């Protein structure tokens, strides 16, 4: 058996993540399931600002069909002069909103030392941001948890490197990894990053892990997000993660790319139709 | 009026192609219409090899719902040692297959001196390949024709440069330009190019010209072409151009990325469902 | 012997361009030699505007050490509304300036039909622009000439594709091909393109053809051109092609990236020192 | 004064790193100075394996002119199945080799919790790897130290993002930041990454911080490293960081791109000549 495993490790740079390693993985996080027939739709503001703000957005996206709530408490920002997030206070707010809405929470962890805070507030899905995709120390410690991990692809990282990063978490014994395509760095500047839509079917061939798409960070502009969301679902994505804010012009973070709740609801109507066309639900 | 035009030229790098310049352009090529509610589906072999080969593939793709036939007579090949195409003889074959099937023909022109051959055989849509997107001499001469031009985006060219290239044709007075996204050069190597799916909605905002997608050249592998085709339609593309061959292992060109006729037919079933989900037909 | 050749063709995608095919190629164009110990330095304005302009710039760059004169008569411009060049009249001006200065002329050909004009004016080096690197029709016709060809790398093209493009010319029997690295399309936007400096030593390993560098189009800004020129020479380039204009603010083309004659002269002093440090002259 | 600062912050996304903020920064680390007339040359093995190995390589590179020693104790590896480094034991080995050679030590820190180990062994320069360039938690904690930080550019990160990452460290009060260009992700695959040589002069315009170049990771192959090193120095780099191993075929990490000590010595001879040509020493 160990020699068997040895052979597999030679055959693939990511033996545990590889398609043949096991049946399609379904990752459950409270109500939301990633990898099921029904799509997982994560929506919410870029950053947690106030409980009122999160609750307002959460109510709107839940009504529109979101199955999980996003919101950044720890914020990786390119500039030290940008809003850095409410940190643990943000986690508290998210937990209180979960209590009121029942929506599971997806929020980013930037450093392993914050793990106790995430556990204390029983955060449902720990997100590893694109900039931390190869923060192997963090990945190893998340591998020791039994909590779902949402792993975003780095902007300069290949599909193979994404799967190798996932392998770090799986290797630690944590089987609940969700992959997320969010755009790569290319020369094209009409969008902030270039959504690599091919990565969805390629990953479906390569791995048993569920794959979702973040059209918000790929686009960096709200007007094309619905089109990207429809494309992602048509290509076979298991879900979406979308930034929504009820008052983007006053958002403390990335307001310029947030969808308004009404636009999100309209997007969800489209997504539902496309999902049905490919044998899924939303 | 001329001062009006002067102002427009300042406002946009592509005043004639710009969204505001006119209503959505519909390009008709015999039965096929690009930009209509019904999608235009171009399918066929990479290269014209024999009349029998083209006729076989044409029959199969027509039965599956293709509305136009592709097939290269003049082939731009990276290597001088690769099959270079049948040239005018290829155009003759395409014209004969059109006679038998009624399918309009889309085929590539590499050099303006071949225009008389294309006119003689009344080729329906003259394709400008990605490698010639900025062959401005060719674009100017196509601008003088009154024949539809299918303009593929260069692998290192931005959306803005694509629209400026289209502007060359429009500026010559030829209003029938169809844009085609076919993947850009990026670091990701699981696909031959990276299909820039965002270019579809971005172009829909920027221009009134119809936009189709070539999933075959973007992918460079057949297995993910159906997923890319579905995504393209979901994102709002007005059509597809797909390589199909009944005997890929003996194809003289790009056999490795061609779909088999049955796979194409299955793809069309999916495409039809996704098209319906976004208010289109196929 | 023919079976020998057959083997080579299998071994390399560019058997005639490959390092092992022959000794280092030296391309002579009047006084300038590409691939010699002494660097070939091509300088001049982006576009030919008037004889006076070209003569002024030519005199200044010659005094500073340039060994060939550049100047565009046929101009590939992204926009049809940009200055398109003086065409044959531009070739005449270049020829007259050559008569007065003795400097060989390097100028771009965009279409094979212009070849007779280039021959009539005995243009010394026919340049194929980056946008035409895979204009295979043009490459084939240049292969039939016995005139040096300067082949610029496409912005989305790999080193391998550049060598395959060169192979088209060599395959036609024209052995005098000079390669030119001029920057590739990447996500970095502090420069217009990203100069792929590694391509110099990689090409030196792969081919016997001389390689020069165009720092002007790579940078798209004059301030860093001297640094890129020094780097190119240090990396082993056989020469440079640099845009110089005596009055950039009134240039009809790319004035924003042109060096002033004095800056070019200062750059040449630096280049001479670096050349000496790597066993070359300038 | 605070309003003055307010203005600067508006004017630049990296007010402390910006060129105008102060005179050229010189970072001293024992004998080595980054940003001085004399280049800083860091050399050594990819990973610390044994004291004997490090000592052997250190002796050879010191004899050839290296002014600092590199060697990874904590190794960020794409795969969890690759050698992960000796961790603190590696720092001990480096410290012992420093005692014997006098060479200051440059080694990577992957996680802030290891800072006490780095301080305990008085590591001279703490390197932040490309994959951690936007690990903002780590950057903030390094900002609180008074130890030089070597910040490598991320493979998908722009020059602006690199300077914003440096700003995190400067903002914490640590003025001793050294920038490092090590190649970016592009479509070109003849090298592992594409060395962005233009970043050197661009950074010299934008910032007062010293800039070095890592030709080893950019190239991913040893044969072209000397050419890239010469180019970097010619372009104005303040130093180099190069992987050297006396027995690459048995190296536990990245042996395939390591220079042999003799090749490094030959490279240094070249680098010295180029340095002299641009008014520097090595």
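By letter and in written order, the chains are A, B, C and D; residue numbering begins at 1 in each of them.
In this text, a contact is a pair of C-beta atoms (placed from the backbone, for glycine too) under 8 Å apart; a residue touches a chain by one contact, two chains touch by 3 or more.
None of the values given here were measured: they were computed from a predicted structure.
Asker: With a step meaning a move to a chain it touches, how many steps does the shortest path from chain B to chain D take?
Answerer: Minimal hop count between chain B and chain D: 1.
Asker: Go ahead and note the Å separation of the Cα centroids belonging to chain A and chain D.
Answerer: 33
Asker: Distance between chain C and chain D based on Cα centroids, please, to the nearest Å.
Answerer: So the centre of chain C lies 35 Å away from the centre of chain D.
Asker: Could you please state the distance in Å, as a whole number, between where the Cα atoms of chain A are centred and where those of chain C are centred?
Answerer: Going by mean C-alpha positions, chain A sits 47 Å from chain C.
Asker: Send over the residues of chain A in touch with two or more other chains.
Answerer: In chain A, the residues touching two or more other chains are 156, 184-187, 189.
Asker: Thinking of each chain as a vertex joined to the chains it touches, would you call that graph a line, ring, star, complete, or other?
Answerer: Shape = complete; every chain linked to every other.
Asker: Which residues of chain B touch chain A in the complex?
Answerer: 156, 158-160, 184, 186-191, 194-202, 204-205, 218-219, 223-224, 227-228, 230-236, 270, 273-274, 276-278
Asker: Quick check: in the complex, which residue numbers of chain D touch chain A?
Answerer: Going by the criterion above, the answer is residues 9, 13-14, 76-81, 110-113, 131-138, 140, 154-157, 161, 164-165, 167-168, 171, 184-185.
Asker: Can you tell me which positions in chain A touch chain C when the two form their complex?
Answerer: For chain A paired with chain C, touching residues are 185-187, 189.
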